[in-house]
Structure formats: C-alpha cells, structure tokens
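Order as written gives the chain letters A, B, C and D; numbering starts at 1 within each chain.
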Amino acid sequence: MAYFRIEYFSNALRRTVEFEMMIPNDRSDGVPWEKNNSSDHPMKTLFLLHGYTGKAGNWVPPGIAEKYNFAIVMPNAENSFYLNGDATGRQYQTMVGEELVDYVRHTFRLALTPDDTFIAGLSMGGFGALHTGLAYPDRFGKIAALSSALIVHELKDIHPGGGNAVANYEYYRECFGDLSTAAERDVNPEVLAVRLKKSGRKLPDIFMACGTEDFLIENNRAMHRFLEEHNIPHEYLEGKGIHDMVFWQEYIVKAAEWMFA
Amino acid sequence: MAYFRIEYFSNALRRTVEFEMMIPNDRSDGVPWEKNNSSDHPMKTLFLLHGYTGKAGNWVPPGIAEKYNFAIVMPNAENSFYLNGDATGRQYQTMVGEELVDYVRHTFRLALTPDDTFIAGLSMGGFGALHTGLAYPDRFGKIAALSSALIVHELKDIHPGGGNAVANYEYYRECFGDLSTAAERDVNPEVLAVRLKKSGRKLPDIFMACGTEDFLIENNRAMHRFLEEHNIPHEYLEGKGIHDMVFWQEYIVKAAEWMFA
Amino acid sequence: MAYFRIEYFSNALRRTVEFEMMIPNDRSDGVPWEKNNSSDHPMKTLFLLHGYTGKAGNWVPPGIAEKYNFAIVMPNAENSFYLNGDATGRQYQTMVGEELVDYVRHTFRLALTPDDTFIAGLSMGGFGALHTGLAYPDRFGKIAALSSALIVHELKDIHPGGGNAVANYEYYRECFGDLSTAAERDVNPEVLAVRLKKSGRKLPDIFMACGTEDFLIENNRAMHRFLEEHNIPHEYLEGKGIHDMVFWQEYIVKAAEWMFA
Amino acid sequence: MAYFRIEYFSNALRRTVEFEMMIPNDRSDGVPWEKNNSSDHPMKTLFLLHGYTGKAGNWVPPGIAEKYNFAIVMPNAENSFYLNGDATGRQYQTMVGEELVDYVRHTFRLALTPDDTFIAGLSMGGFGALHTGLAYPDRFGKIAALSSALIVHELKDIHPGGGNAVANYEYYRECFGDLSTAAERDVNPEVLAVRLKKSGRKLPDIFMACGTEDFLIENNRAMHRFLEEHNIPHEYLEGKGIHDMVFWQEYIVKAAEWMFA
C-alpha cells in the first residue's frame, strides 16, 4: 500500500496545505498494474474525511483499499465542518469538493467520473461527506456517512456569549455563518438534498450508519426520517456502539462493501 | 542538520497540528555534543515564523543554524497573524507563544530561559515575532522582525462588505477582533510595548529591518518612530530591496548575527 | 500521541537516514507533564525494531505507549538484520544500538539509563532486539523478542550460488559475514549471552514469544532451550498463531505488560 | 510547487522505500492546468539523483521546474552508486531505472516517453545519471551529469583489506562486484555507451560539466575524451569551481536550459 504525503498551494485556503493518499498500486502479487488500474478501468477513488480534532491519516480503515482496489484521498479540513465561511481563505467546501477533486484527477491516473469517485467520513466528517457529496453530485457518486454530526438544527439556539460543550458561538458562526438561519441555508445537507430531488438531477447514493448509544443517534435518526419523508433513497444502519473507533472500524467495512462490492 | 516533522495535539487549536524543527546536532566534525549543547550551556532556540500563505519549512535560512549553533522551531500558524481570535480553537498566539514553547522545552534538551529563546519572522511572521515576543517577554529574550506586516492602524478603515487587496473584512475580523478598536487593543504590538515599558519589566531586545522599496516600508518606519518616541531601544535597518526572498535571505543573516554573535 | 519523523546524518551508515518516534506527551487530560516525565522520573523509552521488508512506523502497537507512558523509537534498518557488515557504512548494529540511543538521549528529555531503556521487535526485528540488547547490556535493560528470526545456525548451509526462500548467499554474506562461522561469532545472540553470563555482568531481562504454527517456532524453541541450559533467566511464551500481525498485536501487549507494568 | 513524499513497496529492494517529487501543478497564475500538462502535451519528468551521503530532497535546484514546467522525481538510492549488486534486494539500478520510472508513469499523469523523460545527478548521482541513462535508452532521452564520480577505472587498485579515502574494499565490492573486472563490465558507463553505439540504437543526449578545481576533473575529462574517441555526441562544459553546491546550483541551471529550453 503506497502512502503519499502531499503539499500543494490551495487557492481555496490561500496557503500551502497538506493532504495524504493511499494507493494500493505497489503490489507484489504479480498481478499487472493494468488489471487494477487502466485508462479503460481506472482505479476508483474514495475521499475520506476526518472528524473534529482529527487530521488526515489518523483514521486509516483496515485493509479495505487493497481488498476492493481503490485509492483513498485524505484532506485536512481542520475543524471547519467542511464548509465555506465568509472570510477570505475559509473555503473548505470548495477546497475538498472542487479544488482537491480536480487536483487529484489532474495529477494521478485515477478515476475521472462520479461513478468512480466516492466520499465518506465519520462524525464531523460524516456531516462533511453528506454535505460535500450533495453539494457536488456531478463529482461524487456515493456518500457514506458514519455517526454524522448533523447538528445544524441545534445552531439557532447558540447565541453570542454562549456555545455548547464542544465550542463557542464564534466558532459555529465562522463555520456556518448566521446561526439563526443556518438550517434553511445551503450549509444544511437537507436543503441540498431537497433541491437536488426537486431539480430532477441524480443524487449520489447515500449510506448512513450510527451507533445506538452514540450521543448523535437522534440527529442521525432525524436525517433518516427526513430522507424517507422526501423519498430520497438511502441505506440506513444502526448497530450497538458509541461514538468511537470500535464502531467506525466495523462500519467502514460495511460502507466499503456497500460502495465497492 | 537534523530535520524534524512533528505532529502533536494542540489544546490551543483543539486539533492535531504539525510543526517542524532543525537542530544542528548530527555533526560529523568530531566535536562532541557536549561542546554544542549541555545542561550548563544548552543550545539556543529560535522560533521562526512564516508569512501569509506560507508554512513551516518553506523558508529555511541559509547556514545560520550550523554557524551559530542554535535550533530552529517552525510553527504552522496558517494565515492567522499569530493572534488569538474569539472562536474556540483559534488561539494561535497561545499556541506559538505558550503551548509550543513549553512543548519544545519539555520535549527537547534545549534552552529553557528567555536569554536563550528568540523569535523571528518575515512579513506576517515579522508582525507575529514582534507581537508574540512582546506578549511573552518572560519567554523570548530577542525579537527579529523582517518586512513586518504592521497593518493594525489600517484595520479601522476596513468595513463589512469591504476589504483590501489581500483579504476581506471577515478575515481581518476573525484574526484581529473588532477592527475599529484593534489599534488600541493587545493585538497591536505598540500597546504591548508601551505597557511593558511602563511596568518597568524588561522588554525583549528588538531588531527590525525593511526594504526601501517594500510596500510595507512606511508601516515599518512608523513602528520605528513609535519605539523611538517611547524610548524603547531597538535596532532598525533599512536596505535596498522589495518584499521578497532576496531581501530576507540577506537580512536574516544580519538578524542572526545580531541575535547570536 | 505526538508523532515525530526525523532525518539526521548517521555516521554509522555514512548518510542521512530517517527514524520515527511516538511520545505520549501531548495529553489533554490535564495531568501535568511533570507527572509523566520529569528529570527525577524520566519517561521510559522503547526501541521498536521492524521486520524484513518493513520500515519504521509500519507496525504501531495499539495503545500501549499511552497506557504505560513510554516513548517509542522506530529506526529504519532496511533488511540488515541489525548487524554490522564489513562494508563502509554498513554499521546497522552500531547505528541502532549506539548512535541512535545516544542521539535520542542527547536530543530528547527522556530516559538516560538502561533501567528505563528497552528494546523490542518482531521477526528480523525480534532477532535484532535479542542481538542488539545483548550486545549493549549497558544501554538496554529489557528485551522483548517476538517470532524472532533466529536463523544463524542455518547459515552454514547456504553456499555461493545458493540461498533460501528469502534471499541469496550474497545477501546473507553481506549481513552476517562468513556464513560458515557465523554461529560461533558475535552475530549469534547466543554467543553474546554466554559471554555476558560468564563475565558476571548483568544481562538484560529477556521476554520471548512465538506462535505455535509459526515457521520459526523450532528456532525459537531452540533458543529457549539454549538459555535454559545456560541458566539464563528469561520469560518464554508460546501461543496459537502464525507469523502475522494478529499474533504480534496480541503479544506486544503481553510484552508491554511484562516490560512496563 | 507541490511537494510529494511517497512510500511504496519496492520489489527491486525487497522493502518499503521512500522517494520525493516536485510537480509545478499548483499554480495560482490562472493558467489552466491543460496548458501545462495534458494528454497531448504531458509534463516532462526529470529523475534527479543525489550524491554519496545524500538523500532525496537535500538538493532542490532553484526555480527551474517552474520555469521550464517539468516534474522532478528524487529517488533514495543510499550509497549504492545506482548499481545492481549481487545480493538479494540490492537492485538499485533496477529500482531507479525500471521500477520507479514505471511506477511514476503508472501513478501520475506525466510523460510516458523517453522524449519527455530525462535523468540528471551530481557526483555519485552524476555517475548514476550516465550509467542509468545509458542502461535504459528506451526510457531516458537526455542525461545531465555534474561533477560525476567516474571512478570505475580506479577500482582495480582497491584490494581486500584496503580501500580509499571514501570507503573500504568491501563497500566497493558490494556496489560494483568484482573490482578487478569492473571497468570491463556493464557497471562502467563507457561499456554501455560503446555497445549502444555499435548496435546502432539511439543514445540519450548527454550533457556533462565539472569544475576545474574539482578533485574529479580528470575523471570527467577522461570520460569526455572517451566519448570523443568513440564519436558519441555530447555537450561538455568546464567552469571554475570545486566539488560543491556553488558549482551545482550554477550548472544545474545550464543543464536545465540544455534539457528543456
């Protein structure tokens, strides 16, 4: 499994940033490269999004890239919720969903189409996978969102001087913009999903999973109901577990099977 | 010259971050380590701050660390102006000036006192060196600031919906807080310098340099005059040059001589 | 868990090399650093040796460094068997057992004594842990060797033009020197152990483990018998398992408990 | 300038190795990627070889990759002289000249033909560029060799127990094989050049340069005369200078102009 640490100048963030990649293209099994990646059958690509406090490479799923023969791209989006803020250089959505997808496609001989380009993440990265995937349905064909931090409906209750256990008002304001209207704006994946549905365009396929003891379980159930109410097809799994690596190591394997098998 | 790339969890930024170091402790000249770094005479440490759009390691000064036998610590502060913002996890000043200094001192057998711990930078990092050094005079004994982005007096003219050639209102607001009062608050190095002076505490020694064709020359001259008016000792150099690497490669050598010779 | 990637010039290998470290010194649990690492109670250090075809960082044991509060140093010794060859710059034993131990002690505020400095490895690295630990009993207080490639007695049967399933005659010759006499020379950990025993000096404590289905099980049993015959105390464990990560992930935890609990 | 640090499993070296790349594909000048790299006009690639004691990335030529729009691939070949030794896993020539060229072409959307794939190096890497380029004329269209360590004719005078100022007999033996016959075998670039010439196949274009005060000047002059005597076209430059970075920084620019202008 080849491992890449890459620095490039991001126009979206207005500075040099790093991301990481894994490509199962250094096989010693004698299978010729062309079997696993050719211009006719290019290797699929999974954009894998870290959670709050995390970074690229701190969550490497076990063995799935070799098993299903796909590359993993791991951006660093800091604690941004993968959203575009108002400030110059705070364009994390653009960085992950446009710039980096294009950069990887231009740089590497990998998949070029949404049929072969998927996005997944956990916690804040689960939110990011849903939001980024629905914002760029022409780039991403499938979304897998684990234990997603679908907190956008709670933001209206966070006021100047306040916050919640995770962060303060200013933090959420920088990520989501005006908190009182966030749930009605494009920072809410539901808004993107409904608009796509109404437009008649193809939505990415959606896979969601959450642990039944996860503190975010009700948020995930609410999203599940929302998608059902709007007749938006999706796979939804619950299983015993909390908001931790044990759950994610188990369910990323299920997600990979759903995406690649 | 040994080179270190280090990831650690920053409580100030609420996420795993990277910084880089250079330590001239892999000499092949037969000089025993103890000559260059011992508990009696620990190796001095220079915190070196990058500019806007830059990152750790993209500006490695030529040969000075070996010549004067000091370690270089290179934080990544993104485009933050090395300041604490209001949002959770936006504590760049605390990260560089407190957390990282302490982390390096706890982790490495290097200097422990302000007599042996210096800070330098260019452009936004020149501002950062002045501001951070004056905010933590108990940690930093000397400041070297090249072509410093001393723009704090211009901020009151940036209004919502506006900006300047570099960035928009929201960007400056996230870095500096309320722009109309920024010049009177602690984000202005002058405020810190005057308070220190009045308190009778020792200020760090200060070295400033700017190119005569630099677009920031008048900002640097204004700071120079301010320090003179307040009888704050400092070295101030001007030389032919613009806001570029040619000037910095020349003047970091002068700064190193001033700091270490 | 802080992660370090370090380049330094190795006099033993006559070139710039890399190694990696993990130090659990970026805790967010509020426990002050001094509780976990102070000059009175410095943090212990484990040198962790990779196997044939491996490299630093490709085997990171799960959670033990945080649990028992020790640093991990991971050298890159290529496919050298951690031995000094005859050629200039082929001093892998010296690099790991002398140079790197000293470099880490000089550079980091970590343990300085063999009571706090241990060595462990798997497969070729298990051989390396036994050999390096027994070669430097003044540096290493404990040895943990998993599924060790204790192949030195088989080398006399490898002749020019020949080899075995792993490598050819020239490879083994470059690692071990004259193959016909290797078992009687210092490249054999048994030779080092017996000499230490006879000298009356303290041997490092020894922990060995091997899977019962491992192709190296008889080699490990032979070493176990040898140590018993020479009244050299050691812990020896066998357990169901083959020569793979499943066994190592389980037994490195047992080894850590034996070393640090 | 994007920077890549890449680990992959090398079948030639039988272990995971690292190499580095620079690709000028993160431009902020508004020029569309397709202008600089397209399937019709793919970006050219330069394989850049380090010297004895060096490694990938410790010699980054100034500004030429952006200026002429080419990618740089920097292998790590340790102190191997870029040759295949007899031992298993000592296939440095194969690693650089076959495996890595193919790996880069398979992985990155860059040049696929010898018309667009060049090789350059300094000192031991100058030898490597000449040797590897002449060994693989179907892969490399141009060779630039600076201050090349063309020492193969001196090897016959190094005997067991002996050596020279750089290394001992065993070291040269592991790199070059039997030293008494090295000059007549394929480890001598002259042998490769003459064979290619006689076969009527196209040789790579050759650029050589050496400082007049370099201790290797006579070795380079001898190679120059040899090529002249065999009517092998090549560019040969001498200039004031010794065996140091000052000369290489100046002449890599001349080499780049010769290769890319």
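By our rule, a residue touches a chain if its C-beta (ideal position, glycine included) is under 8 Å from a C-beta of that chain, and two chains touch if they have at least 3 such contacts.
Remember, it's a predicted structure, so these values are computed and weren't measured experimentally.
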Chain A and chain C: spacing of chain centres that average the CA atoms, whole Å: 40
Length of the line joining the C-alpha centres of chain A and chain B, rounded to whole Å: 36
Chain D, residues touching no fewer than two other chains: 7, 9
Graph class of chain-chain contacts, one of line, ring, star, complete, other: ring
Contacting chain pairs - touch in the sense defined above: A-B, A-D, B-C, C-D
Footprint of chain D on chain A - complex, ascending: 1-11, 23, 25-28, 33, 37, 102-103, 106-109
Chain C - residues contacting chain D, complex: 7, 9, 13-16, 18, 52-55, 58, 78-79, 85-90, 163, 166-168, 170-171, 173-174
